[in-house]
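In the two complexes that follow, chain A is the common piece, with chain B as its partner first and chain C second.
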Partner chain A sequence: MSEQKTKSKKEKYQEVAYYPGCALEGTGHAYNRSTKALGEELGLKLKEVDNWNCCGAMEVKNIDPKIQTYLSSRVMSIAANKMNMDVVMAPCNGCYHNLKKAEYDLENDDKSKEVVDRLSQKAGHETYQAGQVETIHALDWVKETIGEEGLKERVKNSLEGIKIANYYGCMYTRPRHIFPEKDAGPGTESTSKPHFMDDLLEAAGAENVDFPLKTACCGGAHTLSDSDTSTRLVSNILQTAEAAGAEVIATECPTCHSGLEMHQIRAEKTLGIKTNVKIIYFTQLLGMAMGLKPKKVGLHENVSDSFDFVKKKGLV
Partner chain B sequence: MTSLQDIGRRLDELIAKPPAPADAAEFLSLGEETLEHWVKARGKVPTQDQREGFRLLALHRQGADKEPSFNACRETCRELVYHYNLLTLDPDHPETGQRAKMMGWVANHLYLFTSGKMENEQLGDFCCASKPLRENVDAKHNAQ
Partner chain C sequence: MPIHEKSLIRPENLHVQENIEVDGVDVSGHWSTFIESRVVTDYNEAIEEEIAALPGGEYIHRCWQCGSCTNSCTVNAINEDFNPRYWIYLIRMGMESELLRDKDIIWQCVSCNKCTYACPRDVFPEGVMKATAHWLELKGHTPRSHSTIFDDIFSEQVIETGKIEDGRTVRRFFKQTGQNLQQPWLIEMVKRMLRNLPLGLMTRMGLANFIKPRTSGWSGARDAIKEYVSEQEAHHRTALGLDDLVKMAETELEAGAAK
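Take a look at the complex of A and B:
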């Protein structure tokens, strides 16, 4: 552990405990497939967390936030105590957010510690102690291990000529207090204007447009329901991206991605607003830039059909 | 005070016409009026104070007081102010038309979020507050 702590992020993140979470086994399967394929192509190792469970998501958090803290802590406990890993990588913003929140709760709230300890004993596994693992997002993983220069060297199909609006959604940066490593000076991620996805895609040749709604609310928990409010908010995000000149909205969260795709269709039906902007995971875009075939990164699993688009852009 | 519906209509009109930097002041003012609705609905008197030189930011802070989920529009407010500065401090910039267009869409997002939250108060709870959605439902249930 002490040896691990002296390692640089670049070294530490070469092999991480991979926590896909529930969405990546369902609606976000393309993100799962593309994350694994990209990691393999870049020579990075993912060790899936053994017998992982739901992070607590919204459903559990709504009923009892301390149970959510326990559920997230169990994932981190397995990674730390059973797999002897120091880093957990969660590509889903919801999982990433919940693990970070659990970490914060366990560091700052005695009641949460009590509940987690009691439930861990009952479940028969070691109690997770704050600080045992570091939770990172897929963006941190690629940025810190390969970085912009490394990506530039590996590009086989440049994303040149593709105009991208990068949409980070809400849970990647909010609430700010659970992300102490962000806003920590040059080179770190910003909570008000995140840029890691912009940096990586630009390194692969893409042209990022000036997009002012990078972290704007899309309706949050209501995105996957039939809420008219969500449709209006998502439609505004899509129209803004198009007005900014984007052909693609790059995503890094399965909930954002599904919400944008589903409400793009619904906005046309219910509001008569048609948008043509493509919605593609950043791991799919980077994977194709590294020379992987669209199917290898799960492009066929997206609702938004972008095969013709990527073909036209020379990515096939 | 302009009704929320009329704010929405006016934003639609402004977005539909060719963008002009001169619209910056009206977009900012429509943003302030939108937030006034939220603050009033919480039983408070909208502040006349400014933060970082903008009443919009003071109104947002007032609106988010004890209501952390309202921080879901914090960055939207800051983008509105940023675009106002771009347009008023450098009106002859070659990108000025595009900037005015973007300011309109940002103002519209603030309007859609706030008006949506007036109808559905849980909006934003997912990310910003980490607050259980059931809290209010349970409180109401227990009071009955």
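Take a look at the complex of A and C:
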């Protein structure tokens, strides 16, 4: 155990338990494809969590938050107890957030521990104990293993001349207390002004614009149940990105990504607000910068069509 | 009795009389606007405790009304009537009818957690908003919102199978809320989705309609969760006195029938 702890993050994250989650098997498939392709290209190993379940997303907590804690704990329990892994990597902000929240609650709240233990026993698997695994985001994964210097060395198609607004959304940084490793001094992620995605894309040559809505909300939780609100929130994000000079909004969450794509169209159809900014996953941008073909990173699976754009920018 | 300052400025509480004389003085017209009573008589002291008994509402008592939640609120920025700070005040004071004025928008909280991030007292306002929306529905003040309907469809699928398939959830949601799937923007989106999709993925998405994605060996977890949910529901009904209400109604009905 002590040996484990002395391992650097760089070593620890070389091989991680991969938790794609439901969205990456559906609307966010492009993110799944590009994450796997990028990992392969960078020589990082992903072992998909065996027989995983939904983390509870944004919805189950509204039925009861402790069921969400249980659902997320089951995923971590499999990674720890069945697969013997000590790092779970979740590219989806929702999954990442829920696993982090479960970790926090199981560390600090006795009632949550009690409920999770009871449900795990009845379901017939080992109860997850706080601290068994470390949950990280796809951004941490690339940043800690390859880093900016490593990316610079590997760039084949520079993102030079592409102006990017980095959009992180809500779940990656809020609420602060479930992310104890953030805001922890130099080199760590910031919850008010996150920069990991900016750092990685800049290393690949991109020009990041000054984008004030990095952690604004896209209304993803109510994307269908209160579409008018979501459309207004999304058009604000899209218009602000364009006003800041961005040609691309880089995303790192399937809910944000599909929300931006969907309401970009809805804003055009219902409010007459047309925006041209492209919406591309950061893993797609990095993958193409590493020389992967657009289809290899699932560009054809995006709703927002950016084929001509990436051709024009010399990424093909 | 405290002055209920907010309602003073509401147009429906301001009265202008065309012809009125008081003690021989003509007080007609705008220069003598009458304001409705400011006295609050409809306190419901149980509200705070009831909302605190629902998930998310636990820490409402910590609030000291700094307003950081409303100040940081995503929804407040596009609708100024959406005011978490004020609702927490009303709940803690027990001003039920004033709270009910906003009953149709409270569910619109988008759970962005900016309030929870900003709150210096760890009230978890996002949770309080969910608990309040839940309370309004349980008490019968509002019908189930679209958000609740979506949560229920989604959660039911997760609890039954362990996983979610987007397409099915979306179709069920549109059906249950009586919305037409044939909306111009939705059609346009599907068109653009299909434009570049290879046949393989389309087939996979089509298959998901027949072969539901599921976690294998899920039945143990499913039963355990269902049992827990029904326990919690019973607990909430007791906390909100809903069973007593039903019993009271039944007794009344029986008494009425006997007569």
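Simple rule for what comes next: the second predicted complex is superposed on the first by the 311 of 316 C-alpha atoms of A that agree within 3 Å, B and C clash if a C-alpha of one lies under 4 Å from a C-alpha of the other, contacts with A are read in each partner's own complex, and residues count from 1 in each chain.
Just so we're on the same page, a residue touches a chain if its C-beta (ideal position, glycine included) is under 8 Å from a C-beta of that chain, and two chains touch if they have at least 3 such contacts.
On a predicted model such as this, the values are computed, not experimentally measured, just so you know.
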Fit-or-clash call for chain B and chain C when the two complexes are aligned on chain A: clash
Touched partner set for A:G131, first chain B, second chain C, both or neither: neither
Which of chain B and chain C A:A243 touches, first, second, both or neither: first
Between chain B and chain C, more extensive residue contact with chain A: C
Contacts of A:P180 with chain B and chain C, given as first, second, both or neither: neither
Touching partner for A:G314 - first (chain B), second (chain C), both, neither: neither
A:L71 touches, of chain B and chain C: first, second, both or neither? second
First, second, both or neither for A:G161, with chain B first and chain C second: neither
Partner chain(s) touched by A:G291 [first = chain B, second = chain C, both, neither]: neither
Chain B versus chain C as contact partner of A:A123, first or second or both or neither: second
Partner chain in contact with A:G219 - chain B first, chain C second, else both or neither: both
Chain B clash site on chain C (candidates 8-16, 26-34, 134-142 or 152-160): 134-142
On chain A, positions contacted by chain B and by chain C: 58, 61-65, 170-171, 174-175, 216-217, 219-222, 229, 232-233
Contacting residues of chain B [partner chain A, same complex]: 68, 71-73, 75-76, 78-79, 82-83, 98, 101-102, 105-106, 108-109, 112-113, 116, 119-120, 122-130, 132-134
Touching residues on chain A, where the partner in the complex is chain C: 22-23, 25-27, 29, 51-54, 56-67, 70-71, 74, 115, 118-119, 122-124, 170-171, 173-176, 191, 216-217, 219-222, 224-226, 229-230, 232-233, 261-262, 265-266, 268-270, 299-305, 307
Residues on chain C engaged by chain A in the complex (per definition of touch): 55-56, 74-75, 78, 108, 110-114, 116-117, 124, 127, 130, 134, 145-152, 154-155, 158-159, 162-167, 170, 173-174, 177, 184-185, 188-189, 192-193, 195-198, 201, 205, 208, 213, 215-218, 220-221, 223-225, 227-229, 232
Partner chain B, residues of chain A touching it in the complex: 58, 61-65, 97, 101, 169-171, 174-175, 178, 192-193, 210, 212-217, 219-222, 227, 229, 232-233, 236-237, 239-240, 243-244
